[in-house]
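Dropping the structures in below, format is structure tokens.
What follows is chain A paired twice: with chain B in the first complex and chain C in the second.
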Partner chain A sequence: MKRFDLIVIGTGLAGLTAARTAIAMGAKVLIVGKGMGALTLFGNTVDILGEIPPGTEMAEEITRWIAAHPKHPYARTGWEGIKSAVTAFQELFLPPYHFAASGRGNSLLPTGAGTMRPTWLIPVTMAAGAAMIPAETLIVGFRGFKDFQGDTVSLHLKCRGVTLSLPRYGMEGLTAPAIARLMDDTSFRERLGESIRQQMAGERFIGLPAVLGLRDPAAVLKTLETVTGARVFEIPMLPPSIPGTRIFHRFREELIAKGADFRMGHSVSGVMVQDGRCEGIHIPNPPLVAEYRADRVILATGRFLGGGLWAEMDRIIEPVFNIPVFQPGERGQWFGERFFDPEAHPIHRAGVVTDTDLRPVDAAGQVILANVWAAGSILAHHQAIEEKSREGIDIATGFLAAKRALAS
Partner chain B sequence: MDLKTEVLIIGGGATGTGIARDLALRGIPSLLVEKGDFTSGASGRNQGLLHSGGRYAVNDPDAARECITENRILRRIAPHCIQPTEGLFVSLPEDGPEYRADFIRACGAAGIDTLPLSPREALAMEPCLNPRIIGAVQVPDGAIDPFTLVVENARDAESRGARILIHTEVTSLIRDGLRITGVHVRDRITDEAFAIAATWVVNATGAWANHILRMAGLQIGLALSKGSMLITNTRLSERVLNRCRPPANGDIIVPNDTVSILGTTSMRVEDLERYEVTPEEVTFLVDELSRMIPDLKGERFTRAYAGVRPLLQSEENSDDRTISRGFALIDHGSFSGPVGLVTITGGKLMTYRLMAEKTVDFICERMGLHVPCSTHAQPLPGAGHGHTLKDRLLRLRRQTPAAKGELLCDCELVPREAVDAILREGKVRELQDILHRTRLAKGTCQGGFCVYRLLGLLNERNKTDVSGGSNRILKDFLEERWKGIRPVLWGTSLKEEELIESIYKGMFNLTAEELHPRPNPPLSKGEGNLPARLGGGEA
Partner chain C sequence: MTKKENQPPLTKLPDVCVRCATCMAVCPVSRVTPRFPGPKQAGPGAQRFRSAAEASVDDWIQLCTGCRLCDTVCPAGVPISEMNLLAKAKYVGERGRNFRDWLLVRSDLFGEMASRYAKIVNPLMKKKVVRWLLDALLQIDRRRDLPAYEYPTFRRWFGARQAPEVGGREVAYFHGCFTNTNETDVGKAAVAILEAHDLKVIVPPQRCCGIPRLGVGDLKGAREMGQRNIDSLLRTVRGLDILFSSTSCGLMLRHEYGPLLHLPGAEDLARHLFDICEYLLRLREESKSSVVFQPLPLKAAYFAPCHLRSLDIGMPALELLRLVPGLDVSLIEAECCGLGGLYGFKKEKFAIAEEIGKDLAEAVARMKPDIILTDCEGCRMQIRHLTGLRVLHPVQLLRDALERAGKQ
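Right after this comes the complex of A and B.
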């Protein structure tokens, strides 16, 4: 039996942030998760609050916004909390592959649907997308790669588009990870850059699907920019997400290097609760069940997609601790009449309610377990999809939960 | 553009296309108009059950006999639309042995083969069944694909000279004294209005029968009964499962390729354009059917849908009007209505061919023609071409070079080439037309991934020249998809929904504001070839 200062349940961005924050504070950490989290599905940039219009000062607006949303997870962290957490995130991604805001407010980046989307921190491989001028941009798609439809992007952005054929490696239909691995090969990307150059008609920007390599994306970017003489940018597309996978890999590398116990592919089968505290967790390791003890636990298991919440026909549950979940009405009221309702679907407000320190509380506001904190999208009263706040909530609450947990 | 024909058929469901084919086989010119696409009504919104007739054997022997006769005919003429799964009538303790005995007797009288099974035998055949069953009876039920059935009837009719106009709505009937001499129609995509002159007008609009009849100041006694169904993500049983009890709600499970369809309910509806599956119906179906399959509650449900049955309410003049119990052929001229207008309604998918036969027999008789019906003997054109999952997989494997085998839809294995072939045919006019003709968007993700890809292909073919571009079509699709998904959002389906919302509203930032009031934007004609702007784009 092993004993830790902190067990983090969940290997998404919130859990990774919590584990890294704790490691940086010198704690002995176990992080355990079923899979790679929503990061590898939609992780591209770092959203803080897309609702705030580009061109307005984020710091000022967000403080006002938080004051108007007192139940929101950001109300626990405040703008200062978001800022220090995001700064710590940026410090993990040093140049050349770094994340930066392109101004003092949100920037608009092109997407795989040819729309523009507001976001805050942008990886270097996407930065030129914020500056692109449609008339001077060429969108490049790949034949047989169905998760990025270049014609859709170029038509909506009013750019020129081309579809290139990639040498096929015995594959029927290309996948994002397969192309990303090809990009890691220098001679491949040089040849690709040359093919693009031949298609150019004076464009200064080139947009590609977000598959510019897993190992060294900045080098892929550099090769393509050198060969084409244009500024190159990645465009987010259907899952899986290569940029999100890079974020995941960077965190894992850092955590393992700093001595965290990193357990991927395991779900928690039980928790040891005694006298209002969680003493440890069970992880099935067939035919045995392993027991891990810790002084503190952070629950960062995500929402429905990640398995942090589960909807039965008549109620929503939290499967690990069976913590009461705030839920908006009966099943018939969970979703609006239209997919694109002007208001977010009520179910998105569902989640775990906490005290100001991020400890889950019951309906009466009483802390349920003295040494359990919750972080990330499992928290109630945010609408990450509509607000465009997914990464901001994960990073800010993961950071705060670790700080609060280790301070106790 | 004004047109002329001998018989004008209104309605592109099984009955209407069946009539077009029957007329064509007898050499009578016809023109069919359908306001949406084929199978937009009950023909596309049923449980896909090839009835043995067992369900009606005890209470309605005539209907049972009709079913088993048509069952045998359909197996002959449309084997590619049928999965001969067989079916079980399962008795739970609360259903009792008496009904089972009556059932076996009544099936025998109707000519339906039965094979009584002990609980042990039934459980060995269908291990998902409730172990408390007291017995089962096997009958020749099956699964039928109404989409292929209807499209093939239409294609065969067209190849024999019939004309078919989809997305063409009747706006009024043309009347000359006591006669109906044609219809005014409107193309719902181009808004073009024109007239079609005809000697006979056949109202084969099913639940919409009174909608057409009101244009002539007529009305028939028709009750509109909504039936709701649920689709599971996996196939629960090998055979059709029925409760062995008097027909009721929530007592049939029909397997279909890789899924099962659970049904059904019956609720009166008033508005044919606005009805939905309620959460109460969903809860009822899951609760009731889990008596037969106890593990049902843990299943993933991918979609819910409802259809509206046109039920004949009264039979005030029952002589020559009522050909059989289930459906009615009404010659309005014989009942102080205008001459030249015939309504065929009621009935069920199983009897579409018989309904067509009786309608065309009647028209032939009035025309003084003596040409016998041959739809019971002439197989549909696709008969003999395998349509099973196994056949689809084999075809996919044979496709070379590799690029041709590129799949747009990973759930249902729809190759890009299959969609291209439909586009080349030139008959589809909007996104849903493509979806009706392929299995795109019918799988686990319900189009969450493949429709984005399909739109990329359409953009490549310059077929999305509508205001708002392909994203408008995409958003309208997601809205349409929502109607089917929303009722089953819990458990795993809810996880999937979070994924889809995260992609389209989150990552692609599509929002409500640009939604247009018109439901289905058309595809532009475009070119079949690669647009010039992409020419030479090969590396």
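Right after this comes the complex of A and C.
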């Protein structure tokens, strides 16, 4: 029977961060995911706290914000905790494909909906988006590619837009992974760059859907910038997210190279609990069920989409350990009146409540399982969507949970 | 010990799919051709419109290679590949299989014969006129090297040899067709490494596992093969552990006989089945192995076959290979080799298989290894074809590291 120092449940950004932190500390790690995690859905940039207006100093403002939100996951990590975790994340992505903040505060980046969205760390392939000037920007869409409507984006951003047929393809049914794969081919992107250049009318910036290659996006960027003579940027769009897939691949590559056992495809079907500790987990692969043991477990299973939280008709449960979930009273109180209410729906605050070390606690504040920690969006008292804090919470709490778990 | 089994029940209904498109990020086929709509559309998307009473219209369903990568990444637990497979079986069932597909899945029958006359068959299969005929009459693509036959077969070799005195417990070995007639050294290496671990090897009567028949949508044929194997293996091995060296045979035996084909006895058989590297690693973890490998100073690249990933046992071969001193082994970052078993031999699919394989070939070119290691015979064939490099099963290299020990 396999025994590990740490089992991480969840292959999203929180779980990956926890596993990588533990591996870097020399631990024997098993990371298990029901699927590929949310990075492939909407991973693009690293949000810390979009609420902080661009142009203001993040370090100062966030410290004040955390003090005003004492139950928030950031209250467990503090700005120092966020900073060291995010620095560790940046160290995983060495240049040329690296992540950086464009100033001391948030930057606004164009989105596939044609809006401007605040974020903190930006991959090099999106950096020019933060500097773009609408009148000097050309938005390029691809004919047959449904996931990015260049016309809509350019209309909303008040830029000029064109829709091009892709060299070699030009047929219906284009998908983001297919285009990203073609971009990895030098001659393909040179030809694409050339057809963009022919459409230009003196623009200094070019915005493209976020499909600039999977393997070597910085090289794709360089080719397109060289051929067009403009600054090129990717625009985040609908899933599957190519930039998110790059993040996932980089983590997986690092974890496997450093000896982590990386599993995907089946959810945890049961846990072995004895004397207030989790001794191990069960993973079914029909008709068999495998058993894995570890000294510590980190729960990073996400929220409703990933299955970390599960809504029954009248209550919300945490399906792996059956940890009590902080939640708004009855179902009628789960949602606000309007779908797009600027105030978060009460259900968005639901989640697992922890002690200062990120160990889940019950309603009386008592630690439930001595060797179980929680990280990521499953934690209670944040509103990641409205706050724009998702990646920050994942990275900071994944990092802290692993540090605390291995210190025990 | 208490067990909590709170996992919400999964349903096999297509409506479990939330259309998040994570599967689109990994599908090797839809990435290279717009002719296959990808797992999201081909699986749950089309499933909503399929009716047992109506004729199948899934003209593209045969383009699914059956790699099952989509299953391993789905966050909702949708049995995508199973939906595809059943749809393919219906499509093919209504139209009938061609002679080529009927013939190719019977390699276990003509393999014995071909092996006996290998000296005549092998040169014949290399002749241009023969390849042209096979291409024209049977649509077996002439650009694909046909695997050479070896004489004597693994079974003959095993039956004729002088078995060494081994004190330890007995284990049974499921070699699979390809090892028996085309790559006998894999079987010899498996036997050598097991005996070095003080295990007494028996080779029970066995037939083709049936996975080639699944690949051409022949569920009935697959069931027949499966039932024969279950009956004969359960009768002859009587509670012994059965080890397989082919991850595709292993996936079929362990996880498709029961959950997909509903064969009686499948669960009983599954409990006794282990991947050979999984088994050896377990012996080591339980401190039941004192085998020491001798230095093999080589730069090696390991590829994790798709079906290994569906077995969800991690990468035991990679872990074992890391124990060989001097062996510098790293993982090939590629999703799929593209061969898809018989898929890549078929004229109408050859180009797709080649295009998928290109990504792997480029990844290998960047790594510049001396040797490539992978657990699946299909991957080995394809990677030899794509790279021209020496490609072995991990047990062959482990055996080499043992033999050096013996000689020193």
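Everything below uses one rule, namely that the second predicted complex is superposed on the first by the 402 of 408 C-alpha atoms of A that agree within 3 Å, B and C clash if a C-alpha of one lies under 4 Å from a C-alpha of the other, contacts with A are read in each partner's own complex, and residues count from 1 in each chain.
In this text, a contact is a pair of C-beta atoms (placed from the backbone, for glycine too) under 8 Å apart; a residue touches a chain by one contact, two chains touch by 3 or more.
Computed from a predicted model, the values in this text were never measured in an experiment.
Engineer: Should chain B and chain C be called a clash or a fit once both complexes are overlaid on chain A?
Structural biologist: Pair status: fit.
Engineer: Quick one: classify A:Leu305 as touching chain B (first), chain C (second), both or neither.
Structural biologist: both
Engineer: Here's one for you: vertex at chain A, rays to chain B and chain C, all C-alpha centres; what's the angle to the nearest 10 degrees?
Structural biologist: 90
Engineer: For A:Gly332, is the partner it touches chain B (first), chain C (second), both, or none of the two (neither)?
Structural biologist: First partner only.
Engineer: Check the residue A:Gly35 against both partner chains and state whether it touches chain B (first), chain C (second), both, or neither.
Structural biologist: Only chain C; A:Gly35 stays clear of chain B.
Engineer: Applying the touch criterion given at the start, work out whether A:His156 contacts chain B, chain C, both or neither, answering first, second, both or neither.
Structural biologist: first
Engineer: Is A:Met264 in contact with chain B, with chain C, with both, or with neither (first, second, both, neither)?
Structural biologist: Second partner only.
Engineer: Return first, second, both or neither, reflecting whether A:Arg181 touches chain B, chain C, both chains, or no partner chain.
Structural biologist: Only chain C; A:Arg181 stays clear of chain B.
Engineer: A:Leu192 contacts which: chain B (first), chain C (second), both, neither?
Structural biologist: first
Engineer: For A:Lys388, decide between first (touching chain B), second (touching chain C), both and neither.
Structural biologist: first
Engineer: Please indicate which partner A:Gln274 is in contact with in the superposed arrangement: first for chain B, second for chain C, both, or neither.
Structural biologist: Second partner only, chain C.
Engineer: Across all Cα pairs of chain B and chain C, what is the smallest distance in the superposition, given in whole Å?
Structural biologist: So the smallest C-alpha to C-alpha spacing between these two chains is 6 Å.
Engineer: Which residues of chain A are in contact with chain B in one complex and with chain C in the other?
Structural biologist: 38, 41, 171-173, 238-239, 305, 307, 310
Engineer: Which residues of chain A touch chain C once you look at their complex with the stated criterion?
Structural biologist: 1-3, 34-38, 40-41, 169, 171-178, 181, 215, 238-240, 245, 249, 253, 256-257, 259, 261-274, 279, 282-283, 285-288, 290, 305-307, 310, 317, 319-322
Engineer: Using the touch definition from the top, list the residues of chain C that touch chain A in their complex.
Structural biologist: Residues 1-8, 18, 20-22, 24-27, 30-32, 34, 37-38, 71-77, 254-255, 258-259, 266-267, 270-271, 282, 285-286, 309-315, 318-319, 322, 330-331, 333, 359, 362 of chain C touch chain A in their complex.
Engineer: Please output the residues of chain A touching chain B within their complex, sorted ascending.
Structural biologist: Within the complex, chain A touches chain B at residues 38, 41-42, 44, 50, 111-118, 143-144, 146-147, 149-152, 155-156, 160-166, 168, 170-173, 192, 195, 198-199, 236, 238-239, 303-305, 307, 310-313, 330-332, 334-335, 337-342, 345, 347, 384-386, 388, 390.
Engineer: Contact residues on chain B for chain A in the complex?
Structural biologist: 278-279, 283, 286, 297, 402-403, 405-408, 416, 449, 452-453, 455-457, 459-460, 464, 469-471, 474-475, 478-479, 481-482, 486, 489-491, 494-495, 497-499, 501-512, 515, 533-534, 537-539
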